[in-house]
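Pasting the structures in now, so scroll down.
The following pair of complexes shares a single chain, chain A, combined with chain B in the former and chain C in the latter.
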Partner chain A sequence: MKPARFAYTAPDTIEGTLEALDRFGDEAKVLSGGQSLVPMMNFRLARPEVIVDIGRVGGLEQMSLTDGALSVGARVVHARLEAPAVTAPDGRSEPLGGVLGSLLPSVAHYVGHLPIRVRGTFGGSIAHADPAAEWCILARTLDAEIVALRRGSERVIAAADFFETVFTTALAPEELLAAVRLPILGDDWRTGFCEFSRRAGDFAVVAAMTAVRLDPVSGAIVEARIGVGGVAGVPARLPAAEATLRGEVPGADLHAAAAAAAAGEVDPVGDLHGSAAYRRDLVRAMVARALAQGAGESGS
Partner chain B sequence: MTEISAADAAVPVVLAVNGTEHRVAVEPRKTLADALREDCGLTGTHLGCEHGVCGACTVLADGEPVRSCLLFAVQAHGAEIRTVEGLAAADGTLHPLQEAFWRHHGLQCGFCTPGFLMLSAGVLESRPDIGDDELREALSSNLCRCTGYQTIVEAVQSVRDAAEA
Partner chain C sequence: MGQPDDRRGRIGASVLRLEDRPLLVGEGRFLADVSFPRELHLRVVRSDVAHGLLRGVDLGEARASEGVVAAWSAEEVAHLGAIEFRMTGLDELRPHCQRVLASERVRYVGDPVAVVIATDPYLAEDAAELAFVDIEPLQPVLDAASPDAIAPLTLAHEHGDIEAAFAGAHRVVELHAAVGRHSGIPLETRGLLARPTDGPEGIGVELYGVAKVPHYNCATIAAMLGLKPGQVVGREGHVGGGFGVRGELYPEDLLVTHAALKLGRPVKWVEDRREHLLAANHSRDQSYRLRAAVDAGGVVQALEAEFFHDQGAYVRTHGATVPNLSVALLPGPYLVPAYRVRGHIRLTNKTPSGTYRAPGRFESTFVRERLMDAVATACGLDAAEVRRRNLIPPDAMPFDRGVSTLSTPVVYDSGDYARTLERLLDHMGYESLQEALAKRRAAGEMAGLGLGMFVEKSGLGPFEDVRVRYLPGGGVEVVTGAASVGQGMETVIAQICAEVLGVDYGEVTVRHGQTDMIGRGMGAFASRVTVMTGVAVYLAASELAATGEPAEATFSADHMTYPYGAHAAVVSVDPGTGGVTVERYVVTYDVGRAVNPMLCEGQIVGGVAQGVGGTLLELFSYDADGQPLATSFMDYLMPTVAEQPQVEVLLSEDAPSPLNPLGVMGAGEGGTNACGAAIAAAIDDAIGRPGAVRALPATPELVRSLIRA
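Moving on, here comes the complex of A and B:
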């Protein structure tokens, strides 16, 4: 229950971090909040040769609105998303409003326990790529963009291409996840997030996020997104269930039909936290509740 | 190039614990919990699971409750750490939370108590008016195998209520 030996470096600049990652390649692992990596190191499931601690790097803790997106710096801790504030161009901090402003706290609340939320980071969670992690589901559902830096270059990876399988992402060993860009949702979006776990703070057995955009005149759904975690190696989008919603007006019957389609669309694997059939039923229940939440109903 | 500390190097780290500076030399892999116990001689911080589940090792780092088994001592360099040894006054007068845990039977074997005390201290200092439901949820961060939690919740509630009154 003690980690294996590792060499350690704590650069104070992004440039220094990229140099270290470039030098050590796949021998290195980035340490952000450490709330997922360190347990794995203590179990010796992870045995990095070199730890590159980004805890002293400046410039990774910003949240700002740019080009229609909310940019969340890699080192923003979960607790900050419980009351998200953005840095305005004049340097002042102001509360994040709008749909994301109320969505993010409702999701952040599900992440681990308080001591995890004050240390663990948004970027760390995305890079760790646990298929049941709340932020990974959110990133996949909203088609977030992941900003990856390496020495001398930058690239932007779509969430759909980023999550490859359990704990595995498109990030190269030399790359640093610097920020995640979440698209700003207009006031015509309705979102919901619902998670089932045995106890508060546990990993989700199944979690679902829904986001629908309504036609301002007809009230019908013009765009629908449903993402679930806990049923596959990566957070999954459910296109058949999304198609059920498109063109229809939100309501209990429609939500039930979409939830049934979602349950039919997933192919979960059973484990000791729940059989495949149980998880499938949870998908139905979580999707229905998330849709009801978005529509302002209490759900069932 | 930023300095690299070798895996078997003794890295000099300054830990400010309960207002006292401890200059220690630790391998990079040494957790804050082990450094507190072995290098600072502060064995009040207990280690249960060592993977961030039980919360027995909870201390305050810059005012926030953290699991000291998930933090390397090298990361804590420069942070203000508070442990259970820093709760009581110098003359031995117990902290109100310690009094309350005693009065409400918020402990039996006592193993989890330092972690619960520091978690509670961190929660009440940042949220003195925290509601019952949120308090319960915050306290669910840590595990206790003796009390059944109710007495711990009551102890912390009583301190919150006394401070508010």
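Moving on, here comes the complex of A and C:
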């Protein structure tokens, strides 16, 4: 469990990072918090020729509100999402309020253990693209945008297009994930996040996130999003289950129906920690609980 | 019992550990911390096939790799032979001992086939990847009950009139139950550093990283390498946990020592975690069929048992120890006048197995207590009541079980089993607790209570020696051939010495695990150190107190002591996921006399953590090709602090052992013993399905399937 030989560079700037990525291409791997990459290198499952450590790069640790989105810098560590604060235009830091302000801490505490949360980064998790990772599920469910830089250009990738398969994303080898933009949710949104893992801090066997927007007059659901992890190579959205919610008023029966649709819609692959049938069963439980959580009920 | 504020550290005082200061201030010296100039690093090349014919090992590229000093396959070390049994060696098992490197055939994923020795551990690992191992795969055997499994031996025992008991039984209760494969996972992995020395007897070697049984290992290594016993010197340092696994003699120990002598340089090997999960002893993995002949009052008149013990690919140093203990201790604390057992030792293409904390007891207690619960259900009795009716009464002590284990007859030396059960029930408020749980269930929750009772064994002989003297500069020195695996033995031995000499325990220095300081020593296993070394130091210190002169004493014992106790678990089950939360855990344990009650409690709490792991989480599973699936901590699930319940320990001293002048029994294994039994029963109770949990680990998927069934 010693990594294979690699070269190491630690640029100080984003420009320097982009130059290194441009130069080394697919021989290079970006090191952020190292909480996934380093163990994979120790197992020799990952054998990058060159490590580009972005730990010294400034400008990647900001959280700010811009253009209706919360921009989370690539190197924001998980622990900061437990009590999210944004940098105001005058430079002061203030707590993030609103729906996202309560949602992010409720998700962050599921990420690993404290030592992982103080080193591992939000951007690193998204770029690593474990299909059961909490932030990947959240990004997919909220239709986040991923900001990717390369020498001389920038592009924005929709989460739906970003996650391609297990540990594989739309990022080109020359690109650096610089930030993730999460859409600000208005007060008419109700969200829930529920996860089952074998032990506290493990990757989810199955996790589900739900977000529904309610008509302020009728209380009916006008927009519905359900994302699940642990059932496919990427965090999955469940359109059929989402459709059962639209136009309806939240309630236990509706949640049960949506959860049943969700279980029917996934096609999981079993592994050591849960067979396909068990994972399907868990999708039902996790979706129902996330919806109940969003509606302020205790789930079952 | 003593008060925790008795700072002089006499027997019964819960004083702090003498061991802790160096560990807390960063002066711990574990194997990986030891280095010598010019040391080399050894890397083992292991089979990645579960079963196959070894057609060839080409080390050409590996030898040419940067920093490589030597690379060997079986041919180069053929003279080293196979590793003999340390315990419970039986002739039928001898053909299945493991050689230091596999030749002709590989038998499990992880089987060592070659070694590479290089100037740096990274370079050694690079070079090991270049070894070309040509294996023609064969079908692996992964089920011990399969007719294809090699069947060297069936252990059998019978006493009492089985046939009459079953013929006259009011009812017969049957049970199939199994415990999965898991093992001890010490924080410090295995490792060894061998350093050639030039002594009066010629070239010898010092071994750092020896643990548990340093004298035995050094003597055995010397014999296998053609050296005199004194030429191999064990230098035990800090040891980060033993649990039965760490410190046994393994192929790597021979390879490292041989390499150091052959190359004339220090050679170091530090096992990595993946290797540990692949190559260190596994344990448990027994499946049982039980039948009980029960009378109208719910009393078991006869027990018939058959079990399969999955030994894995080879028989290692423990020989038949684990199934032998299962055979002997299956009847536990109950009278069971007639008993017949057949234990089949079977070889499969999995990692070889050995002892792990409460070996043969975690397994046999699980199935016996499941059987007692089944008897209770069949007879319409409460779980506590059926146990009351079957317990061996105190006036039957000493109780001859009529069976032997580890070459000693099982004679329970003392015990008041009913009293320990009532203590547990009183502490929990048994009846009101049951009512409260019934209310929770009526309100839709799944919550339940389970019990498990057991008899442990401890204080295995045959001897331990101790030397005690006053040091010229003040203080007292104790030298013992026993070992420390982190359990607190220095403190306990110092307390016994302090009691006799009337000094503070902090004035006593305990030296252990240094094979050139004392001629012989049995080591640290089988919960034996407090009994064997403890009594030896009591005897030696008594002589020192009388004469003022340096004193030596030997304590010999041909019988073990048998501590005992009971566990109770309260669990809740998540109906939607099958996830189990242990809400409350209580252990009563009678150790005869507690030298340091705090350390006894620590042993029990730590033991429960490992028992919870084996009950709910830990499993070495394999795919159909014999590939191990749990080869990292992502997949081999150790309980964390979040999964571990607060353990309430009711330590008692009802029944001091009559077999030694201190009355002590060992405290090491009672915390693990009945976890599977108690938690399984609690899950049954929670989900309202008596007898449902018959296999461990009780994973959420398994529990969820029981709920849905």
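One rule holds in what follows: the second predicted complex is superposed on the first by the 300 of 300 C-alpha atoms of A that agree within 3 Å, B and C clash if a C-alpha of one lies under 4 Å from a C-alpha of the other, contacts with A are read in each partner's own complex, and residues count from 1 in each chain.
The rule is simple: a residue touches a chain if its C-beta (ideal position, glycine included) is under 8 Å from a C-beta of that chain, and two chains touch if they have at least 3 such contacts.
These figures come from a predicted structure and were not determined experimentally.
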Chain B versus chain C as contact partner of A:43, first or second or both or neither: both
Chain B versus chain C as contact partner of A:196, first or second or both or neither: second
First, second, both or neither for A:285, with chain B first and chain C second: second
Greater residue coverage of chain A in the superposed arrangement, chain B or chain C: B
First (chain B), second (chain C), both or neither touched by A:116: first
Which of chain B and chain C A:167 touches, first, second, both or neither: neither
Partner chain in contact with A:8 - chain B first, chain C second, else both or neither: first
Shared contact residues on chain A - chain B and chain C: 1-5, 39, 43, 113, 199-201
Complex contact set, residues of chain A against chain C: 1-5, 39, 43-44, 113, 196, 198-203, 205, 272-275, 278, 281-282, 284-285, 288-289, 300
Residues on chain C engaged by chain A in the complex (per definition of touch): 121-122, 125-126, 129, 272-274, 575-577, 579, 617, 621, 629-630, 632, 634-635, 637, 639-640, 642-643, 699-701, 704-705, 708
Chain B to chain A touching residues, read off their complex: 1-8, 11, 27-29, 31, 34, 49-52, 55, 58, 64-67, 69-72, 74-75, 119, 123, 137-138, 140-141
Residue ranges of chain A touching chain B (in the complex, touch as defined): 1-12, 16, 19-20, 23, 31, 34-35, 38-39, 42-43, 49-51, 53, 55, 113-116, 118-119, 199-201
